[in-house]
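Here the structure is laid out as structure tokens; the discussion comes afterwards.
Naming follows writing order (A, B, C, D, E and F), and every chain is counted from residue 1.
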Amino acid sequence: DFDYALENDVKPAFGRSDESLNRFLTRGMIVWGPEVTQIVEEGSLLADTVKNPENSGFRSAVLAGAPKTGKTSLAAQIAKSSDFPFVKVISPEDTVGFSESAKCMALKKAFEDAKRSKLSVLLIDNLERLIDYHPVGPRYSNLVIQALLVLLNSPPPAGHRLLVLATSSDRSFLRDMGLMDVFGSVIDIPKLSTADQMMNVIQESNIYSDDQLPLIEHKLRSFVEGKMWVIL
Amino acid sequence: DFDYALENDVKPAFGRSDESLNRFLTRGMIVWGPEVTQIVEEGSLLADTVKNPENSGFRSAVLAGAPKTGKTSLAAQIAKSSDFPFVKVISPEDTVGFSESAKCMALKKAFEDAKRSKLSVLLIDNLERLIDYHPVGPRYSNLVIQALLVLLNSPPPAGHRLLVLATSSDRSFLRDMGLMDVFGSVIDIPKLSTADQMMNVIQESNIYSDDQLPLIEHKLRSFVEGKMWVIL
Amino acid sequence: DFDYALENDVKPAFGRSDESLNRFLTRGMIVWGPEVTQIVEEGSLLADTVKNPENSGFRSAVLAGAPKTGKTSLAAQIAKSSDFPFVKVISPEDTVGFSESAKCMALKKAFEDAKRSKLSVLLIDNLERLIDYHPVGPRYSNLVIQALLVLLNSPPPAGHRLLVLATSSDRSFLRDMGLMDVFGSVIDIPKLSTADQMMNVIQESNIYSDDQLPLIEHKLRSFVEGKMWVIL
Amino acid sequence: DFDYALENDVKPAFGRSDESLNRFLTRGMIVWGPEVTQIVEEGSLLADTVKNPENSGFRSAVLAGAPKTGKTSLAAQIAKSSDFPFVKVISPEDTVGFSESAKCMALKKAFEDAKRSKLSVLLIDNLERLIDYHPVGPRYSNLVIQALLVLLNSPPPAGHRLLVLATSSDRSFLRDMGLMDVFGSVIDIPKLSTADQMMNVIQESNIYSDDQLPLIEHKLRSFVEGKMWVIL
Amino acid sequence: DFDYALENDVKPAFGRSDESLNRFLTRGMIVWGPEVTQIVEEGSLLADTVKNPENSGFRSAVLAGAPKTGKTSLAAQIAKSSDFPFVKVISPEDTVGFSESAKCMALKKAFEDAKRSKLSVLLIDNLERLIDYHPVGPRYSNLVIQALLVLLNSPPPAGHRLLVLATSSDRSFLRDMGLMDVFGSVIDIPKLSTADQMMNVIQESNIYSDDQLPLIEHKLRSFVEGKMWVIL
Amino acid sequence: DFDYALENDVKPAFGRSDESLNRFLTRGMIVWGPEVTQIVEEGSLLADTVKNPENSGFRSAVLAGAPKTGKTSLAAQIAKSSDFPFVKVISPEDTVGFSESAKCMALKKAFEDAKRSKLSVLLIDNLERLIDYHPVGPRYSNLVIQALLVLLNSPPPAGHRLLVLATSSDRSFLRDMGLMDVFGSVIDIPKLSTADQMMNVIQESNIYSDDQLPLIEHKLRSFVEGKMWVIL
């Protein structure tokens, strides 16, 4: 029926596109350092490669980093900037308590929907949760991993173009589970670490008034440089 | 349908609110030491943070301590003091003998109900029982843990505010099962340990008449100080 | 529906009370030594504590000892002497071949029935069989243990009083399976060990005629004292 | 319904009695040595004990020995000689490919049927097969073992008498699987080992004509005594 | 119903007899050495024993050897030569993808069908596949092994005669899985190893013309003797 | 029914033949070195052997090599060049999320369909995915492996000819999973390694214009020879 759909030019089941991405971008994107720009550009380049008719039209990347470093936001930002007409998100929130095979089916359907459109981006958020990974054992859903391995390895039909973006914890998880080589590229997401970076976030988020900022900055720098007594 | 409910202002399925908390508070709260006040205040602060429109409106905390130290009572007390209009309790008593997926669904529904209200507190009592943890093996329900990890990581929709309080045995369990970083904060619940603390409980609970108290106190102090022969 | 039942004063499903206990007491109770009296008195005390309106009205104890030492008879005796209007027995014979979840449900129902009455005693015979314990592996039903842990930890509603008596093999099993602290108290059931104790049983059970007794006693004493040649 | 049946004197579902035992006794019983007589007498004694109204009316024994030593035939012989009106056989051939719970139910039903009669013998042939035991792992059906442990431990109702005979491989299996103390007694079945014993079998089974026997005996004795060259 | 069938002389469901064996014998049987004759004769002897009314009428043997050594062909040859009226084959090809219990049922039915006839041979091809054996783990179907152990141990009813022939890889597999003593005898199937044996196969299979044979033989002998350069 | 189909000359369910192969051959086949020609010729030889009426008409081979080395393309190329009227492809994409038994059935059906035709080629792409192999554990579907072992070992009926081509990662996987001896031959697929080979691919794929090629070649050679600074 998939082939049938392709031949008869069945309209792709349009994702909630911008809407589905916006839920990850409510706070806006603060450029707290050149790292942020660089990551978004790397994503932009990937999107261009997918669009370029001289290329195979199929790329995948995984954004890997510590918890709460902005992996999901950045992936959503890249997906949004790509301006592809079809956007599909697979988020663990949508599959809570699903059986292994129900997850496989959701995953399969997402890829099929994405491939039905001429130019699609598919965002697979939080690989650990998707495969029900838990380090005690370890336990994981082999069925879902197998589906992932197959789907990430099968390009869309000729003339159709697909960018797959995934998020995950750091590289060691990907390596342990044999998922490292499955993605075309791995984009590392760094933590905020310097006082400058933190000040950028504080300034842009408008939490403090302008006259509070110098004191905040002073305390923050002292703290990061180990002079903790300043804060006390 | 969740989105639909939000948009059409469907009334949240009101929890049995006070009623559901009161079953944990039948004995009243005895302030046997400053620790008790401190814990309740810490909870109060959390509730205020959630209410504060300048914050993200989503916080979670786990009360961890030895058996019968008052974890559940204290969590219930905090929930009650918060005066949030919607209160939901997930207690192991309600899910005895549930299958893994039935537990997941109960958990999912509790979060959905809580998020449907503007200001909610969700009390998840006894994490060990919720995930069917048993140290021989060890055995646990990975499906329930996965659901917990996802749900504790997904904030309510904009304008909705949620405080999640959980109880659990001590930190080593949380650490072993990878649940430590899942909660925004861990509140340690201490045991009664000094004779003063115990006397506070004895006095306030009116078990003994006033003229019995001096002897009780004498025996108790001797016991705690290791002079066990006094009791004989 | 449980709450409904409580509020509308639904009659508890009366257990077969005396009838259900009598099947464990067909032989009568021989007091072969002060140990027997002591155990029954300990049980009597527990029953009084449960009845006492000044207490919480919820107590549990496990009788632990070697095979065939009388654990079940003694538990039944205590339950009978308590003279509580509602008696419920959970015996492995009633759940042979039950699935794990069927056992959980039977357990849950027993507790619910018991809590529906104002004053109940619940006898859980043979914990090893209830949880399908086998030392090779070891194997056990985690689902049933979880149910047990929850049910033994949730008091009856206000004004209702419940005594739970369980039997089990010795303390090492309870310790290994993490069931030691689940019961309010552990009552050790000793083996018959001295010739006096054995003679008490022989005399009271009327197996031998009075003139046979001196010879029996002589042989028995010699045997217990290691003079085995006397018997030959 | 069991109680109902007892009270209303429902006729026991009569086993195929002699018929069911005869399939194990087609060859007749050759008394190749005093061991055989002794085993049958030991069984006879057990049957008498069960019949004796002064006793509890419930005994169980397991016949343990190497493959093809005659365990099943001897158990059948004992059952037949007991002359009990009700005989029930549980043989692995009847439960080939049964699920664990189907086996439990068959076992439970066999015991119930047996207990419904006033005087019954129940023959459980081949415990290893009944519990699906395989040494690689090891694997076994815990569900069936649990049923066995319960059923072998619950006496028939007052006035009803039951002898349970089981067969199994040697004591090490019983010990490893914790089944040793479950039976009231263990009867070891020896192998044929001396030339005299073997000659008894050969003579009584009429395989050779009388004039062939001396040569056979000569060869056999030489072989057993290690003088193998005689046979060549 | 089996007993019923026997008594009422229900016709056995006739196997496809010769037809079912012929699929293993399409190439004919080349006697490449005395080993082949010897194996077929050993089988012939077994068949005679089964036919002999003085014997028990029940024998089983397993042909064990390396892959492609002719185990299945030889077993089929023996079955065919036996000239028994009823022939039944259980081949892994017929049970591909069957569940464990479906395999058990197929096995059980094959034995029942075979026992319904007066004189039957049952060929169980490829024990490893029948029990789903895989060395990584190892994994195997305990349910099928249990069925096999029971069925191979239960003789046909009086007057009915049955020869069971099985094939399997070498003795180490049989030993590891505890299947060694289950068969009455183990017949080792050797590999072709000498140049003479190989030349016999080559000549009889008519692959080469008569004038090619001397050169082939020269090369083959050199190869087997380690003079590999001759072939180059 | 299979036999029925054969006898009644039922038309084979024709595979999408060329169509099904073409999806693996969209880019054309670049002969980047004699290795490519050699592999295709090896496949050609295999196809000829299958066609040759003097042979058994049943061959299988597995193409093994690192990811993205062209295993699937080369297998498809060989299948296409063979010019067999019936072509069937089993690709992991078609069985994403299938249960173990559904995979078995798909596999079985593919073989049956292929054997129904006089001259067939069956391409089994990606054995790892087919058997749901994952190195952590390791985990795999024993049911599918068993089916594979049986089906790869059972020749088509007389007069029917079948070539089975499979692809898989390198030999270590095949060896570990005991699949090495299951295929008639293993064809190793090499990686591109020399600058010459890479230049062949670049030239034939027309990515760069002719005047760009010398610079590309210079850089590539320097890179392969370790002079990385040239590229910078």
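We adopt the following convention: a contact is a pair of C-beta atoms (placed from the backbone, for glycine too) under 8 Å apart; a residue touches a chain by one contact, two chains touch by 3 or more.
What you are looking at is a predicted structure, and each value in this text was computed from that prediction instead of being measured.
*Asks:* Starting at chain B, find the fewest moves between touching chains needed to arrive at chain F.
*Replies:* 2
*Asks:* Which rotation angle, from 0 to 180°, best lines up the CA atoms of chain E with chain F, given as a multiple of 5?
*Replies:* About 60 degrees, rounded to the nearest 5.
*Asks:* Could the interface between the copies chain D and chain E be described as same, meaning over half of its residue numbers are common to both, or is it different?
*Replies:* different
*Asks:* In angstrom, rounded to a whole number, how far apart do the mean CA points of chain A and chain B lie?
*Replies:* About 34 Å separates the centre of chain A from that of chain B.
*Asks:* Report, in whole Å, the distance between the mean C-alpha point of chain A and the mean C-alpha point of chain E.
*Replies:* That gives a centre separation of 58 Å.
*Asks:* Nearest whole angstrom, what separates the Cα centre of chain B from the Cα centre of chain E?
*Replies:* 67
*Asks:* Counting only residues that touch at least two other chains, what does the list for chain E look like?
*Replies:* Chain E, residues with two or more chain partners: not present.
*Asks:* Could you tell me which shape the graph of touching chains takes: line, ring, star, complete or other?
*Replies:* Drawn as a graph, the chains make one closed cycle, so a ring.
*Asks:* Round the ring, starting at chain B and heading to chain C first, what is the chain order?
*Replies:* Putting chain B first and chain C second, the full ring order comes out as B, C, D, E, F, A.
*Asks:* Which residues of chain F touch chain A once you look at their complex with the stated criterion?
*Replies:* So the residues of chain F touching chain A come out as 26, 67, 92-93, 96-97, 99, 126, 129, 132, 134-137, 139, 207.
*Asks:* Quick check on the complex: what are the chain A residues that touch chain F?
*Replies:* Residues of chain A touching chain F: 54, 101, 104-105, 107-108, 138, 140, 142-143, 145-147, 149-151, 154, 158, 176-178, 181.
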